[in-house]
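We just call them A, B, C and D in the order they show up, numbering each chain from 1.
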Amino acid sequence: MSPTEKKAVPLEFEQPLALLAQQIEALEKQLAENQSPDLDLDLARLHEQYDVLKRSLYSNLRAIDHLALARHPQRPYTRDYFQRWDAQWIEVHGDRKGADDAAMVCGLINFGEVRAVVLGTQKGRTLRDKQHCNFGMPQPEGYRKALRLFHHAQKFSLPIVTLIDTPGAYPGMTAEEHNQAEAIAVNLLELAGLTVPVIAVVTGEGGSGGALAIGVANRILMLEHSVYSVISPEGCASILWRSADKVSEACQAMKMTAREILSLGVADEVIEEPLGGAHHDYDAAARNVQAVLVRHIKELSRLSPAQLKAHRQGKFRKIGSFVEG
Amino acid sequence: MSPTEKKAVPLEFEQPLALLAQQIEALEKQLAENQSPDLDLDLARLHEQYDVLKRSLYSNLRAIDHLALARHPQRPYTRDYFQRWDAQWIEVHGDRKGADDAAMVCGLINFGEVRAVVLGTQKGRTLRDKQHCNFGMPQPEGYRKALRLFHHAQKFSLPIVTLIDTPGAYPGMTAEEHNQAEAIAVNLLELAGLTVPVIAVVTGEGGSGGALAIGVANRILMLEHSVYSVISPEGCASILWRSADKVSEACQAMKMTAREILSLGVADEVIEEPLGGAHHDYDAAARNVQAVLVRHIKELSRLSPAQLKAHRQGKFRKIGSFVEG
Amino acid sequence: MDLKEWFANRQKRREDAIEVRQPLTTEEYCALWTQCFQCRELLYTRDLRTNLHVCPKCQYHFRIGAVQRIEQLADADTFCEIDENLTSADPLGFVDSEPYPRRQQEASRKSGLKEAIVTGTLKIDGHEAAVGIMDFGHFGGSMGSVVGEKVTRVIELAERLRLPLIIVSSSGGARMQEGIYSLMQLAKTSSALKSFADAGLLFISVLAEPTYGGVTASFAMLGDIIIAEPGARVGFAGRRVIEQTIRQKLPADFQTAEYLLKHGQVDMVVERTRLRDILTQLIAFHGAAGSGGELSSSVSEEALSTR
Amino acid sequence: MDLKEWFANRQKRREDAIEVRQPLTTEEYCALWTQCFQCRELLYTRDLRTNLHVCPKCQYHFRIGAVQRIEQLADADTFCEIDENLTSADPLGFVDSEPYPRRQQEASRKSGLKEAIVTGTLKIDGHEAAVGIMDFGHFGGSMGSVVGEKVTRVIELAERLRLPLIIVSSSGGARMQEGIYSLMQLAKTSSALKSFADAGLLFISVLAEPTYGGVTASFAMLGDIIIAEPGARVGFAGRRVIEQTIRQKLPADFQTAEYLLKHGQVDMVVERTRLRDILTQLIAFHGAAGSGGELSSSVSEEALSTR
């Protein structure tokens, strides 16, 4: 069942809105039992208040609120997008070397008018799913599965679309034994060398090297409430503030929201979400993202293979901030 | 300690020779205690007999005798060659993905006048070594380690020399899980595409796909007593004769000796061994192989990169025997 | 209608009939009914064939021969065989309990084929493709010089015509009776696939029950897309050899298609009844993109066209 | 002479001396003697330096700074620094308990360096090479914009001059205070290495204690040859984070150089006292061959010349 069919679970910062919604509901109930022009007026005012509050709330979110939305348990995940983009999309599996990492979903897709190799991290919805997907944290095998798809796209001259929604690469013992660092590094290197269009979309959490490993793209797009950071805010807080309570401060200090990443020149575009977050309307969210994706793929397809590679390398070559002399 | 310093262990078919050697030894002892012209004459005759027997013995070996020599516990192994070719050779390790297969030894070597990437299967001498090297049976990780070296050689335009001495790829559960078949197949494919000289030397046992995975070469050289077969003779006997006693028959039927593989047009040259087998003189064996190798590398280096690839692909394209029409 | 019903109705039918039917002979009985190896259900052979030799009850995929496979995949009257007259020589003069040539004749008599693979071109839902279909029923699907040569030639043909290539494998491995020549077919076919891949063309490998040894260790594992049939056992070394080596029992599902999927070795497990559709979809998807490859790796115009 | 002897002889020396020496101050004492972290032996600091900061008793490799490392590797007076004046900006206006610029000043005061890496060219036993040497003593060797830029520039320089490249890494990972910019340095440096690799040039990565996070997940793990110093701890995630995640103790040797070797992640573990020789040998071996690469991948003439 899609979470859009049930009520969205309110986050902490959404409590005032939820309270107002409860009042409205109560009033509506009252009104249903007992007609009264006064109540009618109250209700209209409440509705108005609600709309104003909602707009103001979502246009004045703190970094930690965006984080909460990006991690919303009902947020659409990679498979939700793929399914909506192409109900016939073909999933492909495995690194061919012993593992099929469920945290990395890969496939071939038709966006109606554009074909692409698609892949992305997958968090899993139910507890069982979550465990199966390792809560969206890929292991080296997942990155190598993605690498296989990069090469597939290169061979068949297909654009690559990646969806990023991961707390990061999995910090596990076997992951280290199987050279997590190398798996990520090789992906960075190989992505840099591709001569097909690569577009990365941060749909939820963009966590560190584990996100970047599928993020070296010609275009980096971010959903309105998605975040992208060098380390998890929790990790940052515990290292720099030596306190788990300072997550909000860490979020703010790292400038990790979509708008901030855009103004830092790393993201190329912010994709609007349905009001209140993508989880309120999966179909609309998927349509938004698709429209933007297709536009970018078309734009990039005007570049030659050599230009595509040079464009991607040039994009990252410029990122950084320092003083010379 | 090198086995050349101790006495070579006689094989079953070498028993007559060993008996004669004992007689000579006894006579020599007698002679040392008690000079006698008669004994002198006897000894001279025995020595003559010994030489004649030895030559006739080693020039009339059955297939199974070659197999015994190829598997001789004192036979020089890959590391013995590398060490003698270049005492300063640099060993490199690992597949970068979680394993370093000791059954596959890889390195960089100077043959005095020629540099090369070298690799080969390694059986291990002591019991501990043997276990460490898995009795010369690589796992997928070993083939992927070799693959890394193929790419290294390609990148730096270095010739590749492989030494083959393996019962075959390891038939183990983890080996299957890690896709042994794919590891071999990918090596075949990638070797076919290289534009540097590749030379394979079967130094002992060339066992099946596990040998071929490092054997798709411009030149296939075989040591005089080495063997090369599609399946182990034991496997062949048990499947086709349904009897483990028929190993000798299987050896003969499969035409697996160096001379036979040469006359079937698969091997390009047979490298002579010291009389009685390479284990009688490691240094001489290593010198022989090196001389032939260097000659072939120099010959092949006259070809262009494209010619080298076409030559290798053409060589295997022609192998087979069938009737058309 | 299952057997129980059939028997239950028998008496009634007998009574209905003016001429009482004779009970079936064993042979007629066997031709009419097939027992599922897996669920033991008795299946009406004609129904089984209609269902592509997949048990309608438990989805067990029966082994099928090359001819049946082609019937299942090809658009009517589109299959064009090539190299149908290539036959084995006996390069080693191989004799075990019988000479190799006699074993060959026997194999042909049983399978009705000249060799363990049939190659050619066909159309699948209108898409032209080159195909190689192995037949386990001929000499255990073993690969000797002829299989190696036919696989190589169909790869070369596909490259020349720029067609997608589909090989359905089913094989016990390399053929011992041709010794080192059989082994070298692994290199020959893989080498041909290297050129094919460099040309940017699509190779779909389909693994059918069973695929082992030299075939998995060469072309069968080199597909751009690898599909396995449900329950198909696929591996390098055989189960018995491994159990003898490691001296322990292997899990029941070891080396099954589903196990391979879990271990990242195949892209998908596809029921035979869906195979044709998936192949069509894959060819259509990659079709035009294949014009790229090493020569020109830009996004082809086609990648932007409507499905 | 060990400390016990030294103390034992003290009284005698005191008596011998006409002018009785004052006992050492704590500072003098610490400068003179260094205790080995591993075997606890007290080592005469000058001897330790002569032995390249490797404990002569237990072979413990002390962390060394960039300046010392260059002294150990470079032929005398051959090191030429580049980009020595690149310093960090504060793109995010980052403040935790202290503002980022103040933390930077502190780091520089402690390390005597402007940033966590020194880059340039040098000669090793006559062979010219480009080098990047990280210094864990500066800001935990963390990679922000400057480290990323300097690494990228030295890669570009090496490509332009067709020099072999050596990077000695020692880093806690990406620098949090520059946020997303730090993360993007992983992509920037790896992208530069892609061009470098395509040019057929040699990159030797040396991993020194400790190397973690963003540095291993980019250039440090992309060497053609990867060398680790004995005992160096190298990984992506830190030990503590992993233990918290998997809720079990990790083996004592987890993430050590020796563990990495066993798990196929590094080509060799080389004692610091042999490092210069091995680097020389590797550069000599690949030196001339490097003229090939993607442009012309034939065996270079040099590959046939005498060592």
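Please note the rule applied: a residue touches a chain if its C-beta (ideal position, glycine included) is under 8 Å from a C-beta of that chain, and two chains touch if they have at least 3 such contacts.
This is a predicted model, so every value here is computed, not measured.
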{"item": "Chains contacting each of chain A and chain B, listed by label", "value": "C, D"}
{"item": "Winner on C-beta contact pairs when A-C is weighed against A-D", "value": "A-D"}
{"item": "Taking each chain's C-alpha mean as its centre, the one farthest from chain A", "value": "B"}
{"item": "Whole-Å separation of chain centres (CA-atom averages), chain B against chain D", "value": "42"}
{"item": "Computed distance of Cα centres, chain D from chain A, in Å", "value": "36"}
{"item": "Where chain C and chain D are represented by their mean Cα positions, the distance between them in whole Å", "value": "55"}
{"item": "Residues within chain D bordering two or more other chains", "value": "197, 221, 263-265"}
{"item": "Touching two or more other chains - residue numbers and ranges from chain A", "value": "96-98, 177-179, 182"}
{"item": "Graph class of chain-chain contacts, one of line, ring, star, complete, other", "value": "other"}
{"item": "In contact (per the touch rule at the top): chain pairs", "value": "A-B, A-C, A-D, B-C, B-D"}
{"item": "Of all residues in chain B, those that touch chain A in their complex", "value": "96-98, 140, 144, 177-179, 182-183"}
{"item": "Contact set on chain C toward chain B in their complex", "value": "85-89, 91-92, 94-97, 144-146, 148-149, 152, 174-176, 178-188, 190-195, 197-198, 213-214, 216-222, 235-238, 241-242, 245-246, 248, 250, 254-255, 263-265"}
{"item": "Complex contacts: residues of chain D adjacent to chain B", "value": "197, 200, 202, 221, 224-226, 261-268, 278, 281-282, 285-286, 289-293, 296-300, 303-307"}
{"item": "Chain D contact footprint on chain B (complex, rising order)", "value": "88, 90-101, 108, 110, 112-116, 141, 145, 152, 154-159, 195-197, 297-298, 300-301, 304-305, 308"}
{"item": "Complex contact set, residues of chain A against chain D", "value": "169-173, 175-182, 184-186, 188-190, 192-193, 208-209, 212-213, 215-216, 228-231, 235-236, 239-241, 249, 253-256, 261, 264, 266, 312-313, 316-317, 319-325"}
